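First chain written, first letter: the chains are A, B, C and D, and each begins at residue 1.
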Amino acid sequence: MQNTVISPDLIEQDNAARLDALEEDYAALSRALERRGIAIGQVKERAKDWSVAVPSWGAGRGGTRFAKFPLAGEPTNIHEKLEDCAVIHQLGRTTPGVSPHFPWDRVEDYSALREEAESYGLHFDAVNSNTFQDQQDQPQSYATGSLSSTLEPTRRQAIEHNVECIEIGRHLGSDRLTVWVGDGTNFPGQQDMGRSFDRYLDAAAEVYAALPADWTMMLEHKMFEPAFYSSVISDWGSSLMAAQELGEQCKCLVDLGHHAPNVNIEQIVARLHRAGKLGGFHFNDSKYGDDDLDSGSINPHQLFLVFNELAEAETAPRGGFDPAYMIDQSHNVTDPIESMLSSAETIAGCHARAWLVDREALHAAQESNDVMLAFRTLRQAYETDVGPILAMARMEQGGAIDWLGTYRASQHRERKAQERRAVGLGAGIV
Amino acid sequence: MQNTVISPDLIEQDNAARLDALEEDYAALSRALERRGIAIGQVKERAKDWSVAVPSWGAGRGGTRFAKFPLAGEPTNIHEKLEDCAVIHQLGRTTPGVSPHFPWDRVEDYSALREEAESYGLHFDAVNSNTFQDQQDQPQSYATGSLSSTLEPTRRQAIEHNVECIEIGRHLGSDRLTVWVGDGTNFPGQQDMGRSFDRYLDAAAEVYAALPADWTMMLEHKMFEPAFYSSVISDWGSSLMAAQELGEQCKCLVDLGHHAPNVNIEQIVARLHRAGKLGGFHFNDSKYGDDDLDSGSINPHQLFLVFNELAEAETAPRGGFDPAYMIDQSHNVTDPIESMLSSAETIAGCHARAWLVDREALHAAQESNDVMLAFRTLRQAYETDVGPILAMARMEQGGAIDWLGTYRASQHRERKAQERRAVGLGAGIV
Amino acid sequence: MQNTVISPDLIEQDNAARLDALEEDYAALSRALERRGIAIGQVKERAKDWSVAVPSWGAGRGGTRFAKFPLAGEPTNIHEKLEDCAVIHQLGRTTPGVSPHFPWDRVEDYSALREEAESYGLHFDAVNSNTFQDQQDQPQSYATGSLSSTLEPTRRQAIEHNVECIEIGRHLGSDRLTVWVGDGTNFPGQQDMGRSFDRYLDAAAEVYAALPADWTMMLEHKMFEPAFYSSVISDWGSSLMAAQELGEQCKCLVDLGHHAPNVNIEQIVARLHRAGKLGGFHFNDSKYGDDDLDSGSINPHQLFLVFNELAEAETAPRGGFDPAYMIDQSHNVTDPIESMLSSAETIAGCHARAWLVDREALHAAQESNDVMLAFRTLRQAYETDVGPILAMARMEQGGAIDWLGTYRASQHRERKAQERRAVGLGAGIV
Amino acid sequence: MQNTVISPDLIEQDNAARLDALEEDYAALSRALERRGIAIGQVKERAKDWSVAVPSWGAGRGGTRFAKFPLAGEPTNIHEKLEDCAVIHQLGRTTPGVSPHFPWDRVEDYSALREEAESYGLHFDAVNSNTFQDQQDQPQSYATGSLSSTLEPTRRQAIEHNVECIEIGRHLGSDRLTVWVGDGTNFPGQQDMGRSFDRYLDAAAEVYAALPADWTMMLEHKMFEPAFYSSVISDWGSSLMAAQELGEQCKCLVDLGHHAPNVNIEQIVARLHRAGKLGGFHFNDSKYGDDDLDSGSINPHQLFLVFNELAEAETAPRGGFDPAYMIDQSHNVTDPIESMLSSAETIAGCHARAWLVDREALHAAQESNDVMLAFRTLRQAYETDVGPILAMARMEQGGAIDWLGTYRASQHRERKAQERRAVGLGAGIV
C-alpha cells in the first residue's frame, strides 16, 4: 500500500469543487480539437504516459554566490527530499522519477532507500556525480579540476567517485550516469586546451569502462561557471566529440541554460538526434546566463520548439530515440515543491502541444516552401491552451486539478517547518 | 615610521638585480617616444600620481555558487586584509586606498582601524554597504529585497545600514558611499517594475539625505545576479534616472562586468561624463557574465578604450571630472595579492597608454574623417609596451620592479599560512 | 463610399463558413473567462478600439546585405503600397494607420495622397525621415553620418530633410516624426563619442524647433548596424538623455530588435514611462541581432510582457500615457501582406492578454511577496487562447475570421503579379 | 620581370627616411628579447615565411543592407582588384594569395587571369562559390536555399556551380574550395531541421565527389544572416558533423565573426585541430554580430589567443597541421587597400607574438597549476611591441616600413579615381 503524504481525501474534495469547470473546458477543447482532426483522448493518454524526473537537490532552496535565503521547512536530507518529491508526484502525476546526487544523498543502506522511494510510488532516475566541490573528508581537492586535472591522484579520485556512483545507482535501480565537471580555467594560458581535453577523455574512458552494458553515460556540457575563461566540455561540439570517442553508450545531455546567448537550442537537439547522441535533458529556463530559473518561465516558446524537435525525432527515430528528461532548477525565491509542480506542468504542456501539431500539414508546407502556412501550423499548436488536458490527466490519475490550491490547502510546508531542523544562512547550491 | 610587511631590503636587492635591464628598456622607450614628441618623464610622473583602490574583500579567496577553494594563509578579518593590502601597495605603489565593506569589516574602534591602515601608508576609500545578504543577528531578511522591498521594516533596516556605513566612513576618513543592491526578481510578475523603482528611490532618498556635504553617493548598476529576471538598477539608464532624481551628490558607478553582452562600455563612460554623473569604476574583466576576473585579463583593449574616454573627459571636463577608481574582482584560483598586483599594473598601463595617444593628431583625423589615421593613432598608443615606465615609477617610489618575483621571494603567503587560522569549505563570496 | 480592394462578398462568404465554429469557441471562452470574473465583451471592445500602424516600406520585400529575393506582384510605389495596406486593414481591422518614409514615398501632391489613403479607410501615422542613405540627386553624402557629421553642410542637409518631413506630415495629417540615424563608427577612435553626441544634439534641436506645437518627435535608438563599433543613439540611456535635452515634445521610441542580447526590454518600457518619455514602439522580433522578423514569431512571451507593462502604465499613467504603435519588419521570405496580418494579430493578442490579467490579484500577490501566485496570475492570462476574441472583433468590423484563408482565396497577389512591374535583383531594404 | 604598381623608388626613398629609427627600435627589441632567450632574427624569418590571403571582393567597398557609400577609384572587376591586391602585397609583403569568388570574378580566360596575377607576384588561393544570391541569367532562384533547398533543380544548380568553381580553381592553380551557404530559415517551422541537414549533406557529397585528390573542401559555418531563425551550418558542431560525414578532404573553416556572443573561439580552434578538421580561417573582427570589421580592430587579444592555439597546434600537430589563412572583411568606411594592409600587419603581429611565448615556461606553469605564472607568461608575449620585427621583415623584402605613409604618398587611389569607372549607389556586399 502506497505511502501518501498529502491526504487523498483533501485532493478528492478539492477536485470535486473544480470538476464542473474542468469538464466544461475539456469538452469545449475537445470540440475545437475535433474540428482540427485531433482526438483529445489520445493526447490525454500521451500526457499520462509521459514523465520528467525531479532532482533530489531541487527540493531544497538554492542560492547564488552572494546569498541563500532558507525556507522554513525545507528538507535537509534525502529522506525529507523524497517526502517532498512524493508530494510533487502525488499532486502532479508526471514526476515519478527522482534523480539523486552524490555525495549529497549518501546513505548507509541504498536498498532501504530504494524501498523508501518505492513506498511513495517513486523510483530513482539518472545518478549525478559531484567532482566540482570538495567534501570534508576528501583526500584530493578539485581546485585544479577533476577528470582533467593535471594531478593524477585527483583524476583517480574523480574516476573512482564516478564508478562509485554507478555502483550506488545499480542498487537504486537506475541505469544512467550524468557526468558534469566544472573543470576549466579563469585565465588565458592557465591550462592548455588540447591537453586538458586529452586528460578528460582518458579519465572519462575509465568511468565508461565501468558502465554496465545496459547503462548510458550522459555528458553534460556547460558554457561557463564555475570556470570563467574556458570550460573543458563547454559546448555541444565538445560534448559530441567526447561522446563519439568514448563509445556507443555515451551520449550528450542538453541543459537548456548552458549555451551561449541567442543559440538555437532546438537545432542542437535535432543535430544530436541525427548523430545518435541525444542522451537527455536538464530542463530550466534563463534570461542571462545559467540562471536555473523555472522551466518555461522566461521563454515558454523556446521550450515548445525543443519539444517540437523531439516530436519530429520520435516520428523519425533514425538510430533510436530514448532521451531522459529531468528538471534542473535552482529555487531561490519560491517553495521548491510549487516550482517543480509548475515546471512539470509547463514541460508537460509543451510536450502535449508538440503532439497537437498537424505534422502532415507542416511537412507539406515545408516541402512546398509555404513559409507562412508552416509557421502558422506550428503556432496554432503553441497557442492552444492545453491546461484542461493536463488537468484531466492529473485528476484521472489521482492528482490535483488545481495543484497550487490543493498544495497550499494541505499546509504541508507549514507542518514541515515545525518538524524539520532549520537551515542556516550561507550561499550557493548545497 | 611606516609599517612594512615585506622587507625593504629584499625589494632593494631584487631591484638591484633587475635595474640594468630596466634602464636599458626605459632608455630605448624614451628615445622611441621622443620621436613621437612625447617626454617619457611626464608620462612616468603621471603614472606615479595615479592610483586605484583595492577592495578589502578582494584580499580573500572568492568562489562561485558551486564552491570556494580556500587558500592557505588567506586573511579572515579586516586586520589581516589590511596587512595583505599593505603588501600590494608596498610592491606595486599604485594602491594606497582600501575600500571597506560592512558588515564584513566591522570592528569596535574605527579610529584605531584608520590608524592601523595609516601605519601601512594606506587610507580608506569608498565605503560599501551590504543589503544583499542576511547576517546572523539581523531582524529583517533581505529575501524580498532591501531598499525596494515591499516591507517597510526591511527598507528601514536597509536605509539605516547605509546611514551607519556613512557614519563609519566618516570615522575612517572616506568621502564616498557605494550602494549596490541585489534587489530584483526571478519571475515575470514577481514585482511591479514601476513600483519597485519608486520604493527604491524613496528609500535611497533617505540615505542621500544623510550624506555629508562633501560626500558622493555612487549607485552601482548590475544587469543580473542575484536576481535573474529583472534587477531594479540593472543598467546605466536606470542608474542615471535614479542619480538625477536623488541629487547633485549622487553619481553612477560603472562596474566593467555588469553590462549586457556586446555593450560598448566606453561610450557609457562618455555619456555619463556628459551628464555630469560619472562617479567611478569597479574594475574587473569578464567573458560571459559578471565573471569578476582580473582586470584586462580577457579584453585588455576594452580597458584601454575606457581609459581613452577618461583621458578625453579629463581633457574636456565639462562640469567636472573626478571619478573614483576601484578594483572589484573575485580571486577564485590565484593568490589575491598576486592578482591585485597584476590587475593594478594592467589598469595603470591602460591609463598610461591613454596619455600616450597623440590627441591632437587624433582629433584632426576625426574632424577630417580620416578613419584609418584616427584608428592607427589610437592603436599606436595601445601597442606601446609601457612596462618600463610602470616599473621605473614603481622602483622610484620604493616598489618592486618585478613584483611577482619579489613577492614570491618574500614568502609572505607561506608565513601567513603558518600564522593565520584556516578557512573552511563553502561557496560564494564571503 | 470606401474603396475596397478585396471583395466584401468574398469575406462575408468565407466568414459564413467559419462562423459556427467561431461562435462555439467564443461562447466557451466567454464562460471560462466569466469564471475568472472577466466579461469577454469588454475585452472584445478593447480589442476593437486598439490599433497598430503598418510601415509603407513593409509592404515590399526586404532583404539582407547579401541578397533580396523579389516577390512577384510586390508594390513599387506608395500608391501600390497603400493598396496593399488597404488589404491588410480590410481583412484584419487593426491597422488603419500607415507610417510613410521619405524620400521613398515622395509624391507631387500630398493632399491627393492623403485622400487616396482615406478612400481606403486609412490615415497616415508617424513620418519617418531617411538620413542613412544617399539619394541620386543629393548634394551631400551621409558617408560621414548625418545629424552628427563633422561636416556642417551634411548636418544642414539632414536637418532640412527632417524639417521637410514634418512639412509633408502636416499635409498628410500626421502628428509625429520618427528620427532614426545610422550615425556611428566602425573603428575605435574614428570619432570622439562626446563631440559626436554634441553635434547630434545641436542638429536635432534645430529639427525640434520646427516641430508644430501638437507634434511629437520620437528618437529611435539602435545598438548597431549600420555602424558596427559605436552608434550615436545606441541605447535607451542615450535616447533618454537626448529627449530630456531636446524638450517636452521629444520622446523615445522602442524598437524591439535594437537592444543588446538578454536585455529586459519590458523594464525599459517601465522606466521610460516613469520618465515621461515613452514615445512609441516599432514591433518586430529577433533571435540574433536586429533581425526584423515577424512580431512574436520568435519570443511571443516577451511581447506579452511588454504589453503587460503597457497595461500597468495605462492603469497608472503618472504624467500621461499615449504611445504610438507601429510594426517595423523586414519581410524577406513571406508575402508582406500575410506577415503584417499575422503580426498585427499577434500584437493585438498580446494586448488582449495583458488586459485579461487579474491585476488586482497580481498586485496583491506582489505586495505579499507571493512569488508563485504572482507569476501564475500573469501566466494564466498569457496561456489563454484569445484567438476567438480577435476573430470575433474582426468579423464584427467587416474583417475576415480566417484572414490567411480569405486572403489567399482573393488571389490579390496573383492579380498584382500580372499588373505591377517586376522588381529587379539587389540587396538591402529599399 | 615583375609588374609593380607602386614605384619601387618611392618605397625605397620613404624607407630610407625611416630606417634609422627602425634600426634603433629593432636593436632595442633585439636586446630585450635576447634577455628572454629569444633570437629576434628567427622570429623575423618566421614572419617572412608566413602569409595570409586577401579576398578579391575585399578590394571593393562593402556596405550594409541599408546602404553602401562608394569610394572614388574602387575596382569594379577582377583585373582592377588584382591591381589593388598587388599594391597591398607590394607594400606589406604578407599577402601573396588572392582568394577569388565566383561568379563575381568570372572571366573568359582563366589561364590568362592566372598569368595576370603572377605578373604581380600573386597567386590564387581558396576559391569561393556563391549560392546565396541570384544572378541575372540564373535558371533557379536560391530563395528557398541552395544545397539544402527542397527543390531538386535548385540543389542541382548549386552543386554544379560548386563543381564549376573547382574546375576554375584548377585553372587558377588553387587547391581549396570554400563552401558557405546562406541556407536557413526565418520562422520556426519554416523547414525541418533534420531533413534540411540531410539534403545539405547529400548535395555536398556530390560536390565532394568532384574534388581532385589533392584538394581540400572547407565548410564555413555562420550563426545567422541571411537566415535569422536557423542556419543549416550554424556552428562548429554542425560543421564538424558534416565534415566527418563527407570525408577526409573535407574540413572546417573558422570565420572569427560567425559565432554566438561570448563564445571561446580559440577553444574551437583547439577542438577542430584535435578532430583533424581544422581547415582554415576567415579573419575579421566584430563587436555585435558578423560585423566583418578589420582584423583585431575590436579585440586584438582574442586574435592573439587564436594564434597561441595555432602555435600549440603546430608544436603538437597530432594528425597534421596545415590551415589556410584568409582575410574576410567588409570595408565600409575605409580605403580597402589601407584596411587590408592594416589587418595583415595586425594578423602577422599576432602570429609573431604567439611565437614569442616562452612555451616551455608556459607548459611548466600549467603542469604545476601556477595560474598567475602561466597567465603572465602568455601576457608577456602579447604585450611585446613586435612592430619593429614586422617592419624590418617588410623592408628586407622590398615592402614599406610605413605602409600607410608610403601608400598615401603614392597617390594610387587618386589616380585610379581618374581612370576607373564610378560605382553607383546601392546596398550590400556586391
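Just so we're on the same page, a contact is a pair of C-beta atoms (placed from the backbone, for glycine too) under 8 Å apart; a residue touches a chain by one contact, two chains touch by 3 or more.
Because the structure is a prediction, the values reported are computed rather than measured.
*Asks:* Using the stated contact rule, I'd like to know whether A-B or B-D comes out ahead in C-beta pair count.
*Replies:* So, comparing the two chain pairs, more contacts are at A-B.
*Asks:* Need the most distant chain from chain D, centre defined as the mean of C-alpha atoms.
*Replies:* Chain centre farthest from chain D's centre: A.
*Asks:* Using mean CA coordinates as chain centres, what's the chain B-chain D distance in Å?
*Replies:* 39
*Asks:* Where the centres are mean C-alpha positions, what is the separation of chain B from chain C, in Å?
*Replies:* A distance of 42 Å separates the two centres.
*Asks:* What positions in chain B touch 2 or more of the other chains?
*Replies:* In chain B, the residues touching two or more other chains are 143, 185-188, 190, 223-224, 229, 261-262, 264, 287-288, 294, 297-298, 301, 333-334, 371-372, 375.
*Asks:* With touch defined as at the start, can you tell me which chain A residues reach chain B in the complex?
*Replies:* Those residues of chain A that touch chain B are 62-67, 69, 132-136, 141-143, 182, 185-188, 190, 223-226, 228-229, 261, 286-289, 291-294, 297-298, 330, 332-334, 425-430.
*Asks:* Hey, which residues of chain B end up touching chain D in the complex?
*Replies:* That would be residues 21, 24-25, 28-29, 31-32, 35, 261-262, 264, 287-288, 294, 297-302, 333-335, 338-339, 342, 371-373, 375-376, 382-385, 387, 404 of chain B.
*Asks:* Touching chain A in the complex: which residues of chain D?
*Replies:* Per the touch definition, chain D meets chain A at residues 143-144, 150-151, 185-195, 197, 223-224, 229-230, 234-238, 240-241, 259-264, 266-268, 270-271, 273-275, 301, 305, 308-309, 312-313, 316, 362-363, 365-369, 371-372, 374-375, 377-379.
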